[in-house]
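Next come two complexes built around subunit A: one with subunit B, the other with subunit C.
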Partner chain A sequence: MRKRWYALVAVAALAALAAGTLSPASGQNPIVVGASISQTGRLAVTATYVLQAYQLWVDDVNAKGGLLGRPVTLKVYDDKSDPGTGAKLYEKLIVDDKVDLVAGPYSTPVSAAASTVNEKYKKVMVAPMAAGDALWKRGYRYLIQTLTPSSLYYIGVVDLALERGLKTIAFMSEDSEALRVATPAVADLAQKKGLKVVHNEYFPRGTTDFSAMLTRIKALGADVLVCGCYEPESVLSVRQSKELDYSPRLLFAGHGAAVPEFYKALGKDAEFVLASDHWDSRMKTPGNAEFVERFKKKYGREPNYHAAGTYGGMQAFEAGVRKAGSLDQDKIRQALGELDLATIFGRYKVSETGGQIGKTSIIVQWQGGKKEILWPGGTATAKAMLPAPPWAERR
Partner chain B sequence: MPRALLVGLALAGAGAVPLVANNYVLSVLISLAMFTGLAYAWNIISGYTGYLSFGQVTFFGVGAYTAAVLIIKLHVAWPLAALAGGLLAALLSLPLGWIMLRLRGPYFAIGMLGLSRIAERIAFAWEPVTDGGRGLYLPPVLDLRAVYWAVVLVAAALVGITSLLDNSRFGLRLLAIREDEGGADNLGINTTLAKLQAFVLSAFFPGVLGGIYAWHVSYVDPVTAFATQIDLTAIVAVLLGGAGTVWGPLIGGVTLSVLAEVLWARFPFIHTALFGALVIVTVLFLPKGLADAFRQRGWLAPGRAFLRRLAARPAPLEAAPE
Partner chain C sequence: MLWEPVLWGQLLIHGVMLAGLYGLLALGLNLVFGVMRVINFAHGELVMLGAFLTFWGYTALGLHPLVALPFSAAVLFGVGWALQRLLMERVLGGQPMAALLVTFGLSLIIINVGLLVFGADIRSIPVVSGSLRVAGFVVPKARGLAFLTAVALTVATVAFLRWTAFGRAIRATAQHPEVAITCGVDVRRTRLVTFGLGAALGAAAGSLIMLILPMDPQSGSLLILKAFAVIIVGGLGSVAGSLLGALVLGIAEVFGSFFIATVFGEVMAYVLLLLVLLVRPAGLLGIAER
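After this line comes the complex of A and B, so read on.
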């Protein structure tokens, strides 16, 4: 028995040695981009999109002749979906591996832990998948956001309502940090552009009965109803407005209404409902169609907004490095602060803090069982079917 | 006394590491000491007392959140906040232990797992304090040395406490409960009290370590503060090293952490499988852990050295210290 045990140890040791010597040969002194990705653990399924987008970006950059005349390679570790491990791995990437550029992990918790390490070493990190505006209120300088900030989640609704001559708007939103930012931003814009805000109410997360709120809003006769909600609330609020026979002429049901499950749950009642989404494969942003095609060819599956957001974030990073003309982190940070760029994911522009201010959500509408893009205008795939017919007239 | 000298040298050596090591080495050592400490804490209730717990992470999470809230809202210095995290975890473990320790065997194990899931749900739902799923952000830690010293101090304290426990009447009581609880009861041992004492010890230290963790990572959210993975890593460390021994958790914790750094970073896609294989190999070939294997080769003295010497003495017997 002892012999077998030794054999096992020997095999493991040999394997470790082999892995050490077989790491990519680096003749041309490549630029190394380091990241930790949750390859195992609870975040792994979505995180593979992020990793694949990183790899695709590396391929594309190298096909164009590299960055600053040098080829680019990727060094990735697995953080096991654990922020503590993530922080440790960024220490390793920066101190031990001395990578040239640092890209973000997937998920807000791991980004939160990793950003502290990067801040310590003054390493710019483009964090493509960190949501939560709180991350940019910590006073960090080297963390760059590329996802849609909460304040720009819903603003497209105002233009769409005004185009159709609608006059009044009502809000009911989940009481969360993101929507406490998103809703007032739309309300302000509405007021400024001459749309009257008649109601604005917040409900606690997990609310299932919206009838009291909807009855009040119905009595006010609001033309536009904006529900700041995620998946279960999106379905429930639409279903209950039908039950109460409240027919807003524009019914917008938040990010939760953009997922396929929303249509599955509501069927025909989902028709005419508007929703917000981060990205769509049909968006007419520069290079988007080619990105979708290359992603499908390389990985055999459709990219989602996680992949597109990551790729778009790396496009911004790349532009920042080219503008800076060197790997000097402060120069790159400055360049990233000055850039105003159209990526496949949408507009990139950050504020002083590194928080995103350019990227907006797109507004979509369910038409004949399909999502059609209505806003922004340049990327629309169909005309808005508004005002929505009253519930009683639908078959 | 050479033993005291040895202990002093080991402590001084561990304490001097930050003077030469870079931050990456330090962060590896912090997680090594953190998991070794958690392994020691688990060893008291599960290794010595035989109550296998899959939910000690509850107290880790409570400590993490307590420290985070104290630091953010009351600007308490972090070592004090971590200590407060430990104290609250210990306080909470009194009623919880009183209830949970009525369960035995697999029921206790599953019950503790359930407890940790409930704790996670509470952290999600109690938004005014925990900020729900968004988590709590702490001020950034720019100097890892203090964190390192704190974790090493806690781990060293646990080694000391375990070696005292191993040679005390209290430790014998716990072992008696592990071997035959009914029998121990019949011999006049207050098993309820002894179990509760062990449980509180096994809750206090994870609480302190949770507090230090929150400070170190500078972010706490429900899923990571109450992750079952934290328990599993500690359990595997104890199993690998040897449950119910003084040196087992140290041997297991160090071996696992070193393996993690040397091997797993090179096999990003299969390290979970390697982890599983390690557990199987341990259980099949080393059911008593590495500490036992080392003992058989004479590299490690048998446990309970003081009690053994006491028992080997002709007569009269003196009482073992409490």
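After this line comes the complex of A and C, so read on.
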């Protein structure tokens, strides 16, 4: 028992020494970044990625000598996956703890609740995990989005279709807030660039049968099928396309088709299917490979898009603070509004409202059981295998 | 394009295929209602358990879902029996609301245990995909299989109820438990077997659904909403009625989706429900409330 005690002291002393030599700024009063994270409750499993990305970012900033010449520390509370608790905790962080900077929680509902508090105290919150365009239509000023906005979810499909000389495109999308923004955006772009939109329809969540809709789309002979889908409908749309012997030359099945379960559920029928994804560890964004390496080393697991998105968001926050040159919230907000930055997660640029307009999804394709990045071109890992062969010609 | 007979024929096939799915879901639910007068809100969860057992058989043991079907049905028969023995028996015959609440609570428990054990990811089995070509029409294999199974199980259940001694005991219990007792029917055992059979039929549905729809632990409760509409349209407590109700709903949904909009297909269940309740409250083949 006593031996272990000595060892602990020795390790602590060494760590202190190491920290002292690594970060020259350590002697000063630290900049405190406050956030609430769902450490318990239904969001907790994913939220650990967000917390780990925050911690990695703090390590990296301190290794570079801190922010504005001061070291950075993190102050985190557990919001129990509850938006109401999250709002109270942000109030506590700002009023009682007087933190210098505020970073967002995990999930859109908690971010939405917290944003009302930050707006009241005029505290900038970079909310790396807040989706839902509606949050930036409330006239708030201090909320900054870094996640892919719905309007840029699917736009890469248009370029890929045009490259292969495809002419007609059909849409079937889940009737959800995000897809009611994503689908018209890509349909508009398709039309502008000369693709003919032959069908555009929404279906309610939990639809168990697409046979009528796909019979119609097949009869219209659409070259491209875009399913605005999450997991269950991504699988169902591909399975029923095969059942109906409808072979679009480009079949895109949304975000739901990017998860490993999609391939497991469909087996070989998932081949040639395109999907959209927020991020990939092979993306050639500056510093991405190093981020993946450091994350794996520190936590012993692969980062996901939640981790990468959080880290990328904090890179933007950091750049904003450096550009402002102070902790004055209005100066930081102005700097964040002017930035146009390449983070590991992708491009960062916001509109007047603070909503994201620079970050796009990547488009991937299942090739030989693996996802290959097709779009944007600069970050592609393989050539598009298009047009997809008809079902009848596949083994 | 809209008025081609080939297209109508194709849509009819899709409607019948969808009916197979609904018929499977409704069969066990309706059998249990017929005998116990209890709407089993946990039936969707029994379907889900059957589906996940089949999935486990496929991934861990390499069993084809059709081979796994009798096994998962047998396991769920045991589960149904146990549920009746330990829970339902205690609340039947008392306040009708109590039995409803028990099944509702059971549903919540099974979903959440399912989420803990299986996770929230979607699962499906990629065998029997694609379709057959019959006289210029496409007939989806997996859905076709589900339809044939629904017909076979419905016929088997009707025959069992009509021509076997035990089936007659079940019907006697359904019609009048007190008189059944005086005639020497072991009502308690009959109910145990019925709840077990209901669960086994649910498991059979689950095995086939694994080929058709991606499932997660919460899918059962969403799917079963349609089955409620099916048994009300077809006739509460009538086994043959649930297949008829499924056919009416499946075909109406596909035609509604095609000629109006997919959203309307989903409304069909409620439109039919209202129509039946207004015109023929006992359902198409329903037995009048005693």
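Here is the rule we go by: the second predicted complex is superposed on the first by the 368 of 395 C-alpha atoms of A that agree within 3 Å, B and C clash if a C-alpha of one lies under 4 Å from a C-alpha of the other, contacts with A are read in each partner's own complex, and residues count from 1 in each chain.
As a working rule, a contact is a pair of C-beta atoms (placed from the backbone, for glycine too) under 8 Å apart; a residue touches a chain by one contact, two chains touch by 3 or more.
The shown structure was predicted, so the numbers you read here are calculated from the model rather than taken from an experiment.
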Simultaneous placement of subunit C and subunit B on subunit A, clash or fit: fit
Contacts of A:Asp188 with subunit B and subunit C, given as first, second, both or neither: neither
Touching partner for A:Asp82 - first (subunit B), second (subunit C), both, neither: first
Touching partner for A:Glu271 - first (subunit B), second (subunit C), both, neither: neither
Subunit B versus subunit C as contact partner of A:Met213, first or second or both or neither: second
Partner chain in contact with A:Asp59 - subunit B first, subunit C second, else both or neither: neither
After superposition on chain A, the shortest CA separation from subunit B to subunit C (Å): 5
Interfacial residue positions of subunit B with respect to subunit A in the complex: 22-24, 27-28, 31, 127, 131-132, 134-135, 137, 140-142, 213, 216-219, 221, 223-224, 227, 229, 262-269, 271-272, 281, 285
Of subunit A, residues touching subunit B in the complex: 1, 4-5, 8, 12, 16, 19-20, 39-42, 76-78, 80, 82-85, 87-88, 91-92, 94-96, 108-109, 112-113, 116, 119-120, 132, 134-135, 138, 140, 176-177, 205
Sites on subunit A touched by subunit C in the complex: 172, 175, 201-204, 206-213, 215-216, 219-220, 231-232, 235-236, 239-240, 242-245, 259, 261, 264-269, 391
In the complex, subunit C residues that touch subunit A: 1, 7, 10-11, 14, 17-18, 21, 121-126, 129-131, 133, 138, 140-143, 212-214, 216, 219, 222-223, 226, 253-255, 257-258, 261-263, 265-266
